[in-house]
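Pasting the structures in now, so scroll down.
Next come two complexes, and both contain subunit A; in the first it sits with subunit B, in the second with subunit C.
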Partner chain A sequence: MQDVKDTSDTRGATTPADGQKTQEAGPAKPPPPNPGPARQQAMPYGIVGQRLEQVTRRVPVDEPPPLPENAKLKSIGKPVSRLDGIEKVTGRARYTFDVQLPGMLWGQRVLAPLPHARIKSIDTSAAERYPGVRAVHVMERLLSTAKLRDPKAEQGNRYPTVRYAGQPIAGVAADSPRAAEAAARLIKVEYEPLPHVTDLEEAMKENAPRVFPGPTEQPSTAGGGGAPPGLPQKGNVRGPDSKPLGMGPRGDVQRGFAESDVVIDVEYRTQVQTHVPMEPHGLVADWRDEGLTLYASTQYMGSVRDEAAEYFDLPKSKVRVICDYTGGGFGAKYGIGNFGLLAIHLSRKARAPVRMVLDRREEHVSGGNRPNSIQRLKLGAKKDGSLVAIQLKAWGSGGVAGGAGVGFCHSTLYECPNVQMEQYDVFTNAGPCAAFRAPGQVQGIFGLEQSIDELAERIGMDPLALRNKIDVSRTDDAVARAHERRVGAEKFGWSKRRPAGSDKGPIKRGVGFAQSQWLYLVHRNTGCEVRVLGDGSVEAFSGTQDIGTGTRTILAQVVAEELGLRPEDIGAHVGDSRYPPGPASGGSRVTSSLTPAARNAAYRCARDLASRLAPVFQASADDIVFADGKVMVKGKASSAMPFRDAVKKAGFNEIAHRAERRDDYEGYMAVTPEMGISRHGIGGVQFAEVAVDTETGIVKVERVLAVHDCGRPINPKLTESQIYGGVIQGVSYALYEERHLDAGSGHQLNANVDQYKIVGSRETPSIEVILLEQLGAQSSTDARGVAEPANVATAAAVANAFYNATGKRIRTLPMTPANVLAALRA
Partner chain B sequence: MQSFEWVDAESVEQAVTLLGESKDGRPVVAKAGGMDLLDLMKGGVLSPHRVVNLKGIKGLDGVRFDARQGLELGALVTLSRISREPEVRNRFVALSEAAEHAATPQVRNAATIGGNLLQRPRCWYFRNEHFHQAGGDDLARVRDGQNQYHAIFDNQRTAMVHASTPATALLAYGASVELVGPGGKTRTVPVSELLLPPDMKRPRDTVLAPNELLTRVRIPAPAAGTRAAYHKQGERESYDWPLCDVAVVLQLDGRVVRQAAIAMGWVAPTPRRATEAEKLLVGRPVDEELARQVAKAAVAGATPLSKNAYKVSILETVVRRTVLAAAKA
Partner chain C sequence: MAPSDDDSDPKPLLPKLSRRAFFTGAGASALGATLVQTAAEAASTAAPAVHGPGPSTLTLTLNGRPVTVQADPGTTLAELLRNQLGMTGTKIGCDRGACSACTVWLDGEVAASCMTLAFDARGRKVTTIEGLAKGDELHPVQRAFVEHDAMQCGFCTPGMVMSCAALVERNPKCTLDDVKQAVSGHLCRCGTYPNVFKATLAAARSNGKGKGRS
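Let's look at the complex of A and B:
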């Protein structure tokens, strides 16, 4: 078929809604999607069960035909249990933490006890002599930190400057953990202490101790974060970034406020949250002449391979990364990290595998965190609710790392002609931040969604009705949210909502609502290989990793669908960088990226197989059908033969096809070398019911209803599970989690799971999930992600419920008794 | 954690002898459930030369009640058993409630009442190896630092609080402990005198001598008309250290209070009796208004630190609610 022009958009708008027209595209203006031969393809578009229409897309010729809605499918869209569930609950699943190799050595880090110091000397001789020690390495390069724009300021220093208590200085590898720990204590480091600052507001002061002696840069990692290059920096304050992710500003906010009937100008504060994955960061490095093998607890094997290749000057082909299972990441597990750097150096020196796994304390201190924030948010609106101006000034500290912004919702979620954002990174002598399940957006939504609620009350409008009026960009996520508000309100009983502060007694109940929005991202360089072996067994390979979401299972489901098999019939292999490149498990992009590639490969296998089976069935290849574990000729049930028997009859050794994830059929709003960013988002809405004990300040979240869209749900059971996790994490952030640093020493006081408080079973609300099936006609599976949106709205929904319960706004997180009692007295 | 020796003690005498061998730099420590000990060792706060395991000693895991003698708990009785034992539940509900709300089910299955009473403070400065090595003024560090969970009373010399929550209930019940030293020398010490204000520079926060063993806990038999209630207020319910905990034991004559004990934990270096508040109760029937006055009196004289004034109002609420709960029990 000829390369034809796309005429496919039936919604009459290929640009975002009016309010967003002035936005500049993000990182780069993308080329037209999918060059090469294409066909015009009619595809279903819309929300299943609502209005499904046909759109025509320009689709590469070798893409499989569009899938119908899930109800018409056999494997995709079904609540299949995790294929590796039994492995996990029986302990057979091998996490990096569990990796034991012959001759493996145990690594231990030496950590700085001071929050800011120059290292004058390091004496490793006693450690090197300690029995059982096989290698010692002193760090000469530090990762996971901002870098001086002009390194001359610290040129004379032999070792990286210590900028936070707990910063790794050196590592030891020994025959036993005990020997490694004892030897690490023998490394003598002479420090020249420097003045330090750990508090956000203290660090913003002009005369505050400088964390860096000059301006810094912090490129983003594959996990996100970072800040645009070349921003001004004064003291510890770097910024403003006025175009987070390339979005905004627009219009003239001053004029907007002048034209507003209502102005809401308030301040929000959020805390530092650490990731606390069940499995800490860790890496086992095995350096051999023939190449380097890395067993990594990671969200992206590609980033581990690439960093190892870069820092050790190895061809990428000589670095193999293996990751059978990752025990959670939430954004923090990218690259090799300082612990990985040490492990590789030590393995190279000792010529033996070295295990380097962070303990719980280090995981809190240096494994990453969500930056805190101070947000001054000013909204201007007309009496009818239409927004006229949004102005945000935000400061946050990611410790020694940049990337403390509060997201992009201010310019993207609601229609508003005048938007201005100034986001500042403030450096402090604290461990580095990392991307964290909807980086920035969680903090930003906490403020924005409360202010929108406040506006609704000021103009006497129902909060949902106000959103109906202003959440009107013609993107798929906005369309989905409109539907979600309707469905959710009915299910939740929103109409029974009472005026704020209705309860008379000390325990006050209330309900609240907030919206979620995240990017719909595609990992561009995603491939998948599917093999049909001569005995009828089927395998699928992807160089992605499973951080707990069930990636193997959805891979198997998609392949099974094409071949008419059950998911458990498919050997689904992930976790090896030698497989075709897979997506990063971050930014809610695995399912959206992997499943189209997998389906494309499986489809090619199925067509190839059909042509080989045609002679066996004495039929045309086009008439060969795979269904219910059988092969048959279309319309001839009597011809049905079990899949395996049929394949054996075809008499081949193996059919293998590799296919790629094509660009979204509609194209992207922006691209980076790794990512395609759709103009559509993903999101949802969440309703919360809380009980506030106004005498003790204890907040209990009793119920959450989460209504979410994720394109086509490939596996509703796993999707719901991920939404449960997002809500639980959101409640935990709203009520409990907070890193406490001692300002005097720079040490984290609650670097454990005892005093770092996380939601427990009794604090977990009753959670109900409603999933939309939304077809966007963008790829061969139309799947999108859900991980981040599940966590974005929760804290804001709880805060809005708090207001409805008590009649008081809580603008400071977490909602501890101390903060709650202060808010109630305000 | 550093290497250490392990000895299974077979008798109280043997354990006391072994503990008597403790020296500076070569500490010998006792282990019952091992809950606190393991935490301290993993945190680098305690590096014993030798650990004396008490779990094999016979006769220290009994629960006995006698209408004249009262309740006797062996030091090795676990918290989960205290929370379930009918003699405790029926007659000393504040204690069984305190045991039931401590830690987690797993910890309660292993933790003993003896070990619980002798545990070190949960202060996050105390629990951090760094602050033991750093030297300096331990109190100033807390006063200038993160003191949201610290003492709101009697905090002029230390702001750390004792961690045991059963101690709060035991204090309200007028309990005492039996301590055994060398040669079987036995002394009985009231819980109110057992606990000392915590100190980072001391190896323990009790009057227990290095060569003594806590062997039993005793609570006098309750008088007729005794009612009690206990409440632990944490930020979380699932598993948390308290912001405060309160035990109230009332002896009622009809509706009129004859005797009252209000004990408050986690608000002072050691669990504290609200003596002025108790006086308000005696001779009167408990109602909402009286409970309000009692609670107010219980927090009078509080001297909160920079970040823990919120604990004062929470304590006031919890005292009021627990007094009312005890009267209704």
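Let's look at the complex of A and C:
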């Protein structure tokens, strides 16, 4: 992304209204990186296989020496099979869904049947008397929703106001699922119905029913989302936010449009998409006198621990979070959630562990979603393609939560002197949104990349050539994309692209291209401990979690590299909050944050071990090397001794070192208490080929080429898997997925996986992945993430291919037959 | 254990009722008090056993071992496996037969255990993901799934493996289209399908060759 200077304005934090999570301030200007003693270090920089330069960085003295490119390494960069793969294919992997503790009770929620209501009374007596029931709890506060700035606006309400159909109201814990379900049905709730609104445009009207009686605030989760504090709110419309993700306006768009040769002024619409992790949200709470243990299906154990500590007034040291496996999250699994609140209350009351897991319907309704959008995007350019002005006005609804902004790429992806964004959150009586795999960016890129494509067509320029001209910020992601466009075009056969609408028959084929861009983020407080035990076995510990990306495997690979071992020789432990703090599995930041900390800790172990082995080998510690499972003196192959034997000779019980993830050597553009935000981004480009049946309106994506960068890939096999996933989710979003709410009742009509259509085996296109190895000289591993970038460009690439196939623009998602036929008629 | 494509002889799900047993059973409700005596006599000899609402006993073969448990008649096979028999490898993703995460083998054929009542598995052979490997020796499909990274979060994986293993057992010469067909009811939100295809085809090709040690 481009280095935009005016990001120093931090938005003031607001006072928490009702004990809710404290509002995070916006990004702040960072202090200089890595205080303390440092050295000047020459490091490789650039795309491996292209031109690799040397740059000099200021590096903390105790950082390990820079790694060479992957081809010269033994473990890092190799397609190692997932170390927990056998657990997963044998059914032994234990998800939160599978946790069964002695004496565990089954939790059931009571959900609001109305989309907007005041609760007059709740009678739990019949439920409490039901056989097998051990505890009942009525919710006094509601999480995962925007908060009234002035809580007095609803003073006198004993219970949280119902603002969406399916909102949790109470919970029951019983000794069987049947008893819990039966008892939950016996809880009598008396409602005073209030007028409701579920449609985005209806909710924007001045006389629309108000979802909230006053202005609101919406903190973001660790996974992103949320909306900046202190924005004006009129009725259900909150905004404008003119600095999406802290990136502000510049220049004068009106003058820019006046100076433009070409102006493209169009509207895009995107739908609500739900996350649908195969393992629903869930938590097993075990409240005991000595402390609270939470088994959580989460993307960030830290957020589970911190919220539980906050809401139950416990020291963080008394809350332990365990997460062996998480069955997918995609941005929605942060914090304890309302189900978690209930589980903990019920466990405290019943003095027994309580399992509280959402069913599939609730997962759709209250588990989170990607907000919809209406985007008015106006683009002004010169005949030579140079952009003069970009103006975005966007509205979106995340239901009862804010965070529907889509404007980020508009000010950061392309060079343009005049940029203005206005984005609004519109509240509706619908379940809360949550961060979802590149929040906002998937929607924003869908519009922007189509308009850029349209501009190319209007000025008679190849879409890739136009990007070559305007994607010139000289950040790492822009450098990567330039290369990716070249290699991708050649591999895909871009030069064979035909004029739009070339096919004569009813089935029309075409190809399209779009670019990806996402933030390169670092979780600042990331540590890792590595232990070498006296028998030569090695373990690594990080309090992060694996949501399916292969975190254990890359952790083991990095440690193995330093000690000359195989990844399978390393016990890689994650999923326990008692380990050193690990990164959130969100914002594509686990690999960028964890691997440098792991390498630093392993490096310290290796140097410590070398000094202990020096007498054994009668050599200087600096000359002791670890390679191929052996220890030897540099240059003396005859001295080689198996690692385990050498360690035993050293005669110690255990060496343990903990190390931290240092700041990026170049520092950050902005920081929050948790995150460092680089001025560089992560790139990627995708090419798509589609077939459109113009009679039925059915679109099929036949082929996708995804060319991506993620710094140094630690494990190309796992990286490729994530890119497949990003593309497939992108196709699913582009063609099928859409939450349907019934305007009259406020209920979701397709809260299941048969009517909420997701890509299956038959709709999976043929996907080819090209992966760059790009060294940015920023950390001891130079790794970055890929999960979100892989999902950003797909819908836009498919839409541009649709145009190339049919000669018509499709500006409304998803590309269902109805939307397709409407677009073809336009 | 090889699942068969032949469905010409489906196992009857209910005990067969004789014509006489049907009429005596119907008579008990339709004709009322005057026939109670006769009906009761008939029922004691010929009428099918009535289950529920409380639990009753059922026996099935689970991964080669006979198991006898108490369950109420509303219990699905998935619930029985997970909540009563500790076999949590079988997942429940939708609980209405739409995602196939709960796939097991019933007498060697794939079945959605969330759509199968536990009582309909009486006397039948149930194979779950826990029973697919022979000791430490993984099924070739399991091995191929690991090698080809046909999983990410892994929650849909046990079900996927059960369907792909059934396909490979049934049709070692399966094609890409066959694999797509075999997993067409399975949902994977992480998007592992391309590697599921590769792994299953590789397993089919290697079936019988090499050892599957884990």
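The criterion applied here is as follows: the second predicted complex is superposed on the first by the 799 of 826 C-alpha atoms of A that agree within 3 Å, B and C clash if a C-alpha of one lies under 4 Å from a C-alpha of the other, contacts with A are read in each partner's own complex, and residues count from 1 in each chain.
The working rule: a residue touches a chain if its C-beta (ideal position, glycine included) is under 8 Å from a C-beta of that chain, and two chains touch if they have at least 3 such contacts.
The shown structure was predicted, so the numbers you read here are calculated from the model rather than taken from an experiment.
Visitor: For A:818, decide between first (touching subunit B), second (touching subunit C), both and neither.
Guide: First partner only, subunit B.
Visitor: For A:760 in the superposed arrangement: first (subunit B), second (subunit C), both or neither?
Guide: both
Visitor: Tell me the contact category for A:91 with respect to subunit B and subunit C: first, second, both or neither.
Guide: second
Visitor: Report for A:698: first if it touches subunit B alone, second if subunit C alone, otherwise both or neither.
Guide: A:698 contacts subunit B only, not subunit C.
Visitor: So, does A:749 touch the first partner subunit B, the second partner subunit C, both, or neither?
Guide: first
Visitor: After the superposition on A, what does A:368 contact: first (subunit B), second (subunit C), both or neither?
Guide: In the superposition, A:368 touches no partner, neither subunit B nor subunit C.
Visitor: On subunit A, which partner touches more residues: subunit B or subunit C?
Guide: So, of the two partners, C touches more residues of subunit A.
Visitor: First (subunit B), second (subunit C), both or neither: which does A:178 touch?
Guide: A:178: touches subunit B and subunit C.
Visitor: Counting contacts the way the document defines them, which residues of subunit A are shared by the two interfaces, the one with subunit B and the one with subunit C?
Guide: 178, 754, 759-762.
Visitor: Provide the residue numbers of subunit C that touch subunit A in the complex, in ascending order.
Guide: 72, 74, 79, 82-83, 86-96, 98-99, 101, 128-130, 132-133, 138, 142, 145-147, 149, 151-158, 161, 179-181, 183-197, 214
Visitor: Name, in rising order, each residue of subunit A that touches subunit C in their complex.
Guide: My answer: residues 81-82, 84-95, 97-98, 100, 177-178, 275-279, 325-328, 330, 359-360, 547-550, 717-718, 720-722, 724-729, 752-754, 758-762, 764, 767.
Visitor: Once bound in the complex, which stretches of subunit B touch subunit A?
Guide: 1-3, 122, 124-125, 127-128, 130-131, 133-134, 141, 144-146, 148, 233, 235-241, 243, 307-308, 310, 313-314, 317-318
Visitor: Could you please specify the touching residues of subunit A with respect to subunit B in the complex?
Guide: It is residues 113, 165, 178, 181-182, 695-698, 736, 740-745, 747, 749-750, 754-755, 757, 759-763, 816-818, 821-822 of subunit A that touch subunit B.
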